[in-house]
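Shared chain: subunit A. Partners: subunit B in the first complex, subunit C in the second.
Up next is the complex of A and B:
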């Protein structure tokens, strides 16, 4: 049992990831990705009008009424069944327009989940700057190591935005749905990581 | 972003409104007029993505925003 609280078997983690990303896709109709959620939260911070609109349209009934009104305004009343007279109507949509608060909840849960896993794994010792002997062997400690992490994080952030997604968005959600762009993107960034790791092992 | 008119909008997978337009038959008209074949070139969302500008989740392909209806009609009156 203790192993399940510290290191999951690879197959259990794979099943868990697949259930989450495919379940989210099935339920919400959109891909799940950490960087896209982060972008949505940042967008909400600078575009408060849209953020308020998102919250108002989080209710499925409000969203459907809004979609009906927008469709009628764009294409005319005949495009929307039930717009002119009461009828049996069409089945309500299953897709949701998630507000920024839902994305913020997801991001907070990621941090909280990692925090809990760290506590379980290390017996309460959470705060550590130790990234392992390999990292220390290559990059040392202190300012130099911090500069390497800062540079690496900046490059990853830029690449994520330029590539339209991160390892969760492309690697998990995109690959699980056989999206061509995600397959190529994941092969590129994981392939590069493997090659660089091998080179560091060989010449580092 | 590559342009493949016969495949429809290249932003379909990332667009937050495309799956919404798939959620009910009466919304299919948006996909026909803005997402499929080469018609995505006139979509305001696609234009925003191409220009690198912020694309609000409530922005419709016609450039307007989804309206907020304060009192949506009850289900029986649709």
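Up next is the complex of A and C:
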């Protein structure tokens, strides 16, 4: 329906990517990286005690209060110098660790973004089970296709953790800052994706 | 603390909308990029990196970032991820945006990504010796 919301020309997409990469960094104080958000959320699911502490410590006032209480308990009230001094704030350029719940919010927001884009594009929303004719041509619609997605999804989850980034963390924000691990990682995942896709095309 | 959630929500929604409009959530378009039958998405990606480089040079002058160095997991991890991306047509961002678009099968991809991200540290401790790189974010 709204053609300008479908398959943006490359230059428009490039501007969009750069705006997101730089906007994320300016807003959050750390480089964009979707796989690290998955990692933080799944680590929180595994270690709920650490996750709860992390959320508490993400609030600077709560952190300051807990540190002060611990110091007073150990050394007495007089051992807390400058207790009434105004906070000097964070040093410039220092990224404070975001709580895992903020990363979960980011992941859910990506789903919402896809929903809004579809509403804007079609004037409504229709759920379809499969991933389009090309995917169905390779893997069908049924249990086999789901098994491929589950297995390949697991490869993505493990690979991005093993390699330390994905297409956004390594590919966009890492390569843009000439990070060696990102340049090599991007070459590895892009090269492999080309080979696997060509094999699919040949034998799929 | 609340505001970091609001900021994450805003940037995530905008990223999701843009990612969908670019066509990075369309298996056919992604497959065209990887089989070099179409260069639109590849140019989108490269242009995005180039513009971001300029942006970082201008906006982040003198600021220090956590270094992403090459380690023993960089290449094997990239190979696993690349294979997964080619088979699903989705990177970790794309799989979530696909669900929002109504491509409900992508939920299985997200389940797999979450499973892999959950299991990897356990496997790493059991089989590998190099230190896990701390995440940037």
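Annotations
Just so it is clear, the second predicted complex is superposed on the first by the 128 of 204 C-alpha atoms of A that agree within 3 Å, B and C clash if a C-alpha of one lies under 4 Å from a C-alpha of the other, contacts with A are read in each partner's own complex, and residues count from 1 in each chain.
In this section, a contact is a pair of C-beta atoms (placed from the backbone, for glycine too) under 8 Å apart; a residue touches a chain by one contact, two chains touch by 3 or more.
Since we're looking at a predicted model, the values are computed, not measured.
Residue contacts after overlaying the shared chain place A:11 against subunit C, while subunit B stays out of touching range. Of the two partners subunit B and subunit C, more subunit A residues are in touch with C.
Of the two partner chains placed around the shared chain by superposition, subunit B and subunit C are both touched by A:181.
By the touch criterion stated above, A:111 is placed in contact with subunit C alone, subunit B being left untouched.
Looking at the shared chain after the overlay, A:50 reaches subunit B, while subunit C stays out of its contact range. Overlap of the subunit B and subunit C interfaces on subunit A comprises residues 28, 30-31, 36, 40, 43, 46, 92-93, 95, 164-165, 174, 177, 179, 181. Partner subunit A is touched in their complex by these residues of subunit C: 1, 4-5, 7-23, 25-29, 31, 34-36, 39-41, 43-56, 59-60, 63-65, 67-71, 73-93, 95-106, 108-121, 123-124, 132-133, 135-137. Subunit A makes touch with subunit B in their complex at residues 28-31, 36, 40, 43, 46-47, 50, 53-54, 56-57, 61-71, 73-75, 79-82, 86-87, 89-97, 164-165, 174, 177, 179, 181. Those residues of subunit B whose C-beta lies close enough to touch subunit A in the complex are 13-14, 16-17, 19-20, 22-27, 29-30, 33, 54, 56-60, 62, 64-69, 72-73, 75-78.
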